[in-house]
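Labels for the chains are A, B, C, D, E and F, by order of writing; each one numbers its residues from 1.
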Amino acid sequence: MTTMTHSPTTSTMTAAAVDAVVRDALEEDAPWGDITSELLIPPGVQATARLVARESGVLSGGGVFAAAMLAVDPAIEVHLAAADGTRFAEGEVLATVRGSAHAVLRAERVGLNLVQRLSGIATETARYVSEVVGTSARIVDTRKTTPGLRVLERHAVRCGGGHNHRFSLSDAVLAKDNHLAVLASQGIGVTEALLGLRARLSHTTHLEVEVDRADQIEAVLAGGVDTIMLDNFTLAELREGVAQVAGRAMIEASGNVSLATVRAIALTGVDIISVGALTHSVRSLDLGLDVDIDVPADVS
Amino acid sequence: MTTMTHSPTTSTMTAAAVDAVVRDALEEDAPWGDITSELLIPPGVQATARLVARESGVLSGGGVFAAAMLAVDPAIEVHLAAADGTRFAEGEVLATVRGSAHAVLRAERVGLNLVQRLSGIATETARYVSEVVGTSARIVDTRKTTPGLRVLERHAVRCGGGHNHRFSLSDAVLAKDNHLAVLASQGIGVTEALLGLRARLSHTTHLEVEVDRADQIEAVLAGGVDTIMLDNFTLAELREGVAQVAGRAMIEASGNVSLATVRAIALTGVDIISVGALTHSVRSLDLGLDVDIDVPADVS
Amino acid sequence: MTTMTHSPTTSTMTAAAVDAVVRDALEEDAPWGDITSELLIPPGVQATARLVARESGVLSGGGVFAAAMLAVDPAIEVHLAAADGTRFAEGEVLATVRGSAHAVLRAERVGLNLVQRLSGIATETARYVSEVVGTSARIVDTRKTTPGLRVLERHAVRCGGGHNHRFSLSDAVLAKDNHLAVLASQGIGVTEALLGLRARLSHTTHLEVEVDRADQIEAVLAGGVDTIMLDNFTLAELREGVAQVAGRAMIEASGNVSLATVRAIALTGVDIISVGALTHSVRSLDLGLDVDIDVPADVS
Amino acid sequence: MTTMTHSPTTSTMTAAAVDAVVRDALEEDAPWGDITSELLIPPGVQATARLVARESGVLSGGGVFAAAMLAVDPAIEVHLAAADGTRFAEGEVLATVRGSAHAVLRAERVGLNLVQRLSGIATETARYVSEVVGTSARIVDTRKTTPGLRVLERHAVRCGGGHNHRFSLSDAVLAKDNHLAVLASQGIGVTEALLGLRARLSHTTHLEVEVDRADQIEAVLAGGVDTIMLDNFTLAELREGVAQVAGRAMIEASGNVSLATVRAIALTGVDIISVGALTHSVRSLDLGLDVDIDVPADVS
Amino acid sequence: MTTMTHSPTTSTMTAAAVDAVVRDALEEDAPWGDITSELLIPPGVQATARLVARESGVLSGGGVFAAAMLAVDPAIEVHLAAADGTRFAEGEVLATVRGSAHAVLRAERVGLNLVQRLSGIATETARYVSEVVGTSARIVDTRKTTPGLRVLERHAVRCGGGHNHRFSLSDAVLAKDNHLAVLASQGIGVTEALLGLRARLSHTTHLEVEVDRADQIEAVLAGGVDTIMLDNFTLAELREGVAQVAGRAMIEASGNVSLATVRAIALTGVDIISVGALTHSVRSLDLGLDVDIDVPADVS
Amino acid sequence: MTTMTHSPTTSTMTAAAVDAVVRDALEEDAPWGDITSELLIPPGVQATARLVARESGVLSGGGVFAAAMLAVDPAIEVHLAAADGTRFAEGEVLATVRGSAHAVLRAERVGLNLVQRLSGIATETARYVSEVVGTSARIVDTRKTTPGLRVLERHAVRCGGGHNHRFSLSDAVLAKDNHLAVLASQGIGVTEALLGLRARLSHTTHLEVEVDRADQIEAVLAGGVDTIMLDNFTLAELREGVAQVAGRAMIEASGNVSLATVRAIALTGVDIISVGALTHSVRSLDLGLDVDIDVPADVS
C-alpha cells in the first residue's frame, strides 16, 4: 500500500513502464533470492526504514522507489513525504517504509539505485534551470539517456524544471548535417526537400533542422521548419542567428553547453538549450535507507 | 559481419545478454522507425563511419557498439581496431563501420550511448587501479550499477583493470549491520550464527561479513568467514584491523573511497577496496561517430 | 532470401515491429506444428507459390508477407513483384515464393491474413484520397486501429496515399470536450489553460484542440494551438470555421465522414479529414496464394 | 472491481489471454502516458462513463472492455449490464464505469476498439446464424482471423451463435488439394494415405479432407475421415454430395458463402458452413463511451 | 550449420518451440557466461565432440541437442548420425560436433540434459510399445509432463512408438468423475448433458468421457462420445467393458498401468492405454559428450 | 489467499521465479481454456480439494502448488498443512484448497505436476542424506536439472536435506579435464594457471578443480583451490586422496554414486558427494488431489 502524492510532474511516466524497469532490476539483483537475509533473518520479522537525504537536492523517483518495494511485496507500506520535483535539504526524510524485513532488504538496493540516479538528474537539471532564470530559454534533454531508462530519465529532467526534447527517432524530425549532405550530393535544394518532407509528414510531427553555419539559415527557414538548431555556434553567431531568424522559427542552441556557459547562451535570445550532460553523465545523489528491524519477542 | 578481436576481458558477458540490452535500447530509441533518415535518404545509400576518441581513455564496449550495429542490420561491416581494455589517445579511431546509411544512423545513438558509458567506467576504474599500483589491494565494484546494465558495467570495470564483487544478492553472502542486529536481538551469538550459516550454505558460496567496529572482528573470524569488510574505518583503524586479522580472512575496505583517498587506504594492507562511484556516478567518455555518406551516381 | 523493393512508403515500420507481429501470429496459428503437412508431405519437397490478386487494389504489406515466409524458414526465396503503394489489377502476380513445401504452407495463412488486411486498408484509403484530389485536404487515420497492429495499419494508410494522425496518446496533445469541461468546471479559462500547457510541453509536441461549436474557436486560437478540430460540424459550419480561423491554425474536420461526404467536406477548405473507418472497418482484399508442389523423383 | 456476469459463451477465452491482448494494446496506445489528460486534468478527479449502443447488435467483449479498464487501474469499478451474447437495441447502456478520470480516458480507446470489433463479429455472425434457422447446418469460422486476436474473435463468433472450426494448424487435420496432389504425384492412393495417417494421429485428432470434385469423395470416405469438405461446389453438386456421403462423415461446405447464398447452401443438407468473412472483413459496431467527469469543489 | 536428417517423427515440434526451450535453458545455465572456460581456454581454440551412447536405447532430441549448440554459436557444425526414433546400441556415436571450444562447452550441459531426458522417455515408451505388439492397443501419454517441456516430451513419446493424447485442456474434452458429479447433483442426465455439449463443441473437437463403473457406460455411449475411458477397471471389467461397448466408441484403459501389467490390459481388447509414467517419472538415458580440444600451435 | 508457513528451506526461491514457471505451465496446459469444465460446470460452482499423500515422503513445492492455484484465481484459499521439508506418511493431507471449481480444476494438473516432481526429488535426496548420517559428507546436486526448473529443483534438494552445488557456469569455477588438457597442450603448468586464474577471479568466486588421478592432486593444491573434485576414484583411491589433501582443500567425490555406494564413499572422509541422479532421474511422488464440488441449490 502506498500513500503517494502525485505531482503534475510525474505525468507521462506510466506505471507499466516503471514496473517493467523495476522488475527487471529486481531479477538482475537477486536471480535466485537474497541468500543472506533469508538465512539470517526469520520470515516473520518486520522492518521500518526511512529514505534520508544525505545531501540537498531535488527529488525524482519517489514513486519508482515505492514501486520497487511494492514489486517485492505488495503488503509493504510506503509513505512518500515529498512529491517528485520537491527541493529538499540534507537530513530530510523523503519516504518511510514498513514491511517484511526480507522484502525491504530485497528491494533496498534497486530502489536506491533508481531514486539516487533520478534525483541526481533532477538536481543537476535544476542547476541549469536556475542559471537561465529571467531569460526566454528553456533547458531540454537529448537522446543521450541510459539505455532502458529513457522514460524515467526524461521524467527526472522535468522534475528538475527542464523540458524534454523529442522522445525518439520516431516522434519528430531532426535533420542533421548528414541528411543535408545527402540532399546536396543529389543536387536537391534544402528548401525544396523540406517542403516535400512537410507534405509527407503527419500534421502533428515537428520539423527541426540543424545548421552548422549562418549561411544555411535562410534556405532552411524557407522550408518551413518549426525549429532551427544552431549547432556549435559562438555566442556572437548565436546572437546574429537570433536576429536573422527573427521569430520565423524557434531556435535551439546545441553544443558546448555547461553550467559555466549556459547563462551566456541563454542571453543570446535562443528559445531552447539542449544539454546532453543532464543524462549522459550523472552523479547519483546521496540518499540512504536507514533500516530498523523489529524483532518480536517470539519469532517461530 | 564483424571483424572483432575478443580480449580475455570480454569474458562473462554473454552475447545473449548484450543483444537483449541492445534490442531494448533500439526499440526505445525508434519505436516506429527513424522518420528523418527514412524520408530524406534513399534506401540504397551506403555510409562509412569511424568511432573516434575525442579524449583519451580505456575502451570498453567495442563489442556492444558492434552488436548495436548488427542488431539493426546484420549486413553492416564493423571492424574493431582495438580490444576492450585498450588504452587510447585522443584522436584515435577505435572502430570503423560500413553499411546502409539508414541502418548506421539508426544504430548510432544506441551504440554511442553504450560504448561511451562503458568506456567512462573503464577509464575511471583505471584511474583507481593506477593509484593502488604496488600495493596488495584490488579495486572492486559494488551493486550500485545501473538497473538493467549490471553485466555490461561489471565488464567495464574489468576492462579498466578492476575486479568484480559478488554479482547479486544470490551468489554470495554479505551480512551487514542489520543482519547482525537481528541476531543480537534474538540473543544469538555471531560466531554461532555464522557457523550455522556455513553449514547450510553451498560449499561454493563465499561468506563475507561487514563490521563497523574493531571489537566485532574476533567473533566474526571465529565464525569462519572468507572475507571481513571493515566499513567506514579510519586509516588507523584499518591498519589495526589488518594486524588483528593477520591473514585469517581477506579484508575489504569500504566507505569514503575516492581517488584522493584510495592509495592511503591500499597502503594499510587491505586486500579489497570497493568503490561505488565506479558505476553510480559515471561520466560518459567523449567518443564520436564520424559518418560519411556515399551517394552513388544514381539512386533510384 | 528476399528480393524486395523498398518503397519510400514503407518507412517508419521497423523490421523488429513487423517480425514481432509475424512471430506471434505464427505461434498462434500453429502452436505445435502443422500436423497435416508434416504427416502428408515428405520433408524434402519444394513448393513454388504466387501471390495473385483476385481483385484490383493497392498493395500494402508485401514486405510483411515476405517476413512471414522468412520467419518460418530463412531459406525461402521471396520475390516481391511490386512495391507497397502500387496499384494493381485483378490477376496480377504480386509476389513469387519458392522454398520447402512445409514452410510455405506453414506461413501461407499468416502471410495472407496480413497482406489482405493491409491491402484492404490501402485500397480503401486510396478511394478517399482520390475523392479529395484537387482540394487542399489530406486524409488521415485515427487511433481506431486493430490492437497490436497500429504500426502496420498506419503504414497501410500511407500506402493508400493517406497521412497519419498522432501515433498514440503520448506523442501529441489532442484536448477534447472532456478536457475542456474539466477546465470549465474549475473556472479555468481555455486560453489561459492552453498557454500554460504549451509552456510545459516539449517544443516538439503538437497541440490540437477539438471544438464542438463555433463560439469556442476564438478562445482556442488565442491559446496558440497548432491545429483545431471541428467535430461534427455541418458543411456550412465548416466553411464558416475555415473563414474564421483564417490560417491561424490548421483545421481538422472530424465526424460523419464517408466516401459519399468526403469531397464536400474537403471543398470547405479544411486541411485535414480524419476517417476512423479506414481502420476500424476493414474488408480484407481478395489476394490468393497459388501453390505448386514439386515432387522430385525420389524423396527419401 | 468488476461486477461481471459470465455467460457460458465466454468459455475458452482465458483471463491470461485477454490480459495479454489488453496490455499490449495499452502499451501501443500510450507508450509514455496520456500527455493530454495528465496535463489538463488534476490527479484526484473521478469520472463516470457509460458504454452505449449507437446501433443495435449482439454484444461480445464486455469482459474484454472491463479488462482494459482494470489493466489501467484495478480500482476502477465496472458494471456489465449485459452478458456477452446478448442482443441489444440502439441506445441501450451495456456497461457503466466509475474511476479515476486519468485511468478511464487512458483505457477508453483500447476498450472501445476491442468491444466494437468483437461485437461487430458477433452481430454479423448472428445474421448468418439466423439465415440458417431450421436447417441442420451450423455456421463456423475459419483461420482468417486478425493476427493476435484469434482467441477473442473465436469467442465473438460463439457469442453470435456460430461455432468454431479448428483453432490452428496444430489441433486438427485438414488436408487440402495441395496435400492430395503430393500423394498423387508419388503414386500413393488417397485411401491408403488417410488410413496410414489415422494410424499415426492422436485418437483425439479430427481428420477432415477437402475435395474439389465429386469423384474424389469415395476414396476419401474409404480413408475413414471424420469430415469431408466440399469446396466451391454448386448447390446441385452439394445436394448430390450430401446424398452420396449419406451420413458416413460430416459435410462442410466452403467457398462463395455470403448472406445471400448461405440459406440455399444450408438447405442442401450440409452440416457445416464455414464463412471467412465473419472475421476477415469486420465492421466495428458503433458503441460509444459517454464520459462525465466530476470535478470536486477543491482538487488539490 | 547442421547436417540433420529429419525423421517424420520430428513433426509437430516447431523450431520456434525448441529454440524457446533451449534459449531459456542456456540463460539459466550461464546467466553471465562460463567463467571457467572463458578464463582458461583462449578464444581461438576449436573443439571436436562426439555424442556417445553409454547404454542402448531409442534416440529422441537429436535436433534439440543440435539446436542447443547452434543457439550458442551458429558457426558450430553438428552432424546427426541417427534420426530421432532410431534404436541404438551402447557405444554408438549419435552425433558429432565441431566448433569453438568456448561454445561447445557452454552448450554441452544443456544439450545433454535435453537429449538424455527425451531419449529416456523414448526408450521407456518403446518398452511399453513392444509389450503390446500384436494387440490392437496403442500406448499414449498424458498431461503429466514436465512443465514447460510438453511439446518436446510428446515428441519423445512418438519417437518411442507411442501416440499422444490431447495436448491440453483446450483441444479435446475429457469429462471426469467431478464433471459427472456436478451434472448428477443438478439432476441433469449424463446422456442429455453430453448431447447438449456436442451441440456446442466445434465439430473438430473430440469428446471423451471417463467412467469408474460399468453401469455408467450405456448412458455415456448414448451421449455420442468418441472415446470412453475405463478408469481403474480390473482386467475382467475391462473385458466386459470391451464387449459392452462393442465398437460404438473407442476405449481407453487408464490406471495401474506398468510394464508388468500393460500386455494383459492390451489383451482385453482396449484401443488405447494411457501411461502417466512415460513422462512423470523419467530416468535420463546415459549419453555422454566426449570432447577433444585442439590447441593450435599459436593461439593469440 | 494463502495461509502458508514458510520454512527456512524455502529460501532462495523467489516468488517471481515460481510465478514465471507456473504461468508458463498454465498457458501450456490450457492455451485457450479448459473446454470440459467450462462447458459442463456452471460458473458459480465452488470446489473444495485436499492434496493427499498416496505414499510417504518429504514435501517440497507446497508453495509452488499454492502459487499455481493463485495464478489462476487469486480468490482461491489455499491452506498448507505442512511446510516444505516435512516428512509425511501415506494418507496425510498436505494442503486444502477452496475456490471456484473452474479455477481449481484448471490449476490441478499444473500444481500436481510440480509438487509431485519436487517432492520426488526431496524424498530421493532424503534417502541419500540418511545414508550418510554420522559421516562428515554432505549430499549435493549437480547441473543435471530439468531445463527451466533449476531454481525449483535446487530448492527440492534442500528440502530433502541436501545441499546445492554451484547454480550455473557463471557463479563458480569448476575446471575439468578438458580445461587441464588445454593448459597442458600449451605448456602451461596447472599450478601457475590456477594462481593466475585466482588473481583474475572475483574474491567471492569459489575455485574448484576436478582431477582424474592422484598424481594431479599436488599441483592443483599448490594452485590454491578451494575444493578438489576426485572424479571416478575407487574407495581406496578416495581414502588415499583424503589423506593426501589433509585438509588443504575441501574434497568432492563424484561418479558412480548410488544409494548402494554412497555410504561407503562418505566413510572415506570426503566432504561433498555430488549426485546427478537427484535431479536427472526423478520419479514423481504419488500425491493426489481429492476434489469435492459443491453444487448450490440454484446455480443460474
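The working rule: contacts are C-beta pairs under 8 Å (C-beta built on N, C-alpha and C of every residue); 3 or more make two chains touch, one makes a residue touch a chain.
Remember, it's a predicted structure, so these values are computed and weren't measured experimentally.
Annotation of chain D and chain E: jointly contacted by C, F, touch as defined at the top.
Under the contact definition stated at the top, the chains bordering both chain A and chain F are B, D.
Work out the mean CA point of chain C and of chain F, and you get 51 Å between them. One simple way to say how far apart two chains are is to compare their mean CA positions; for chain D and chain F this gives 44 Å.
Chain F has its Cα centroid 22 Å from the Cα centroid of chain E. Those residues of chain C in touch with two or more other chains are numbered 12, 30-35, 39, 42, 167, 170-172, 200-201, 205. Checking each pair of chains for touch leaves A-B, A-C, A-D, A-F, B-C, B-E, B-F, C-D, C-E, D-E, D-F, E-F. Residues of chain A touching chain B in their complex: 21-22, 24-25, 28-37, 39-42, 45, 47, 101, 105-106, 109-110, 112-114, 116-117, 120, 143-150, 168-176, 178-179, 181-183, 185-186, 193, 197, 200-201, 205, 280-284, 291, 293, 295, 299. The part of chain C that touches chain A in the complex is made up of residues 12, 138, 140, 163-167, 170-172, 200-206, 208, 226-227, 250, 252, 271-272.
Of all residues in chain A, those touching chain F in their complex are 23, 26-27, 30-35, 38-39, 43.
Within the complex formed with chain E, the residues of chain B that make contact are 6, 8, 11-14, 16-17, 151, 154, 167.
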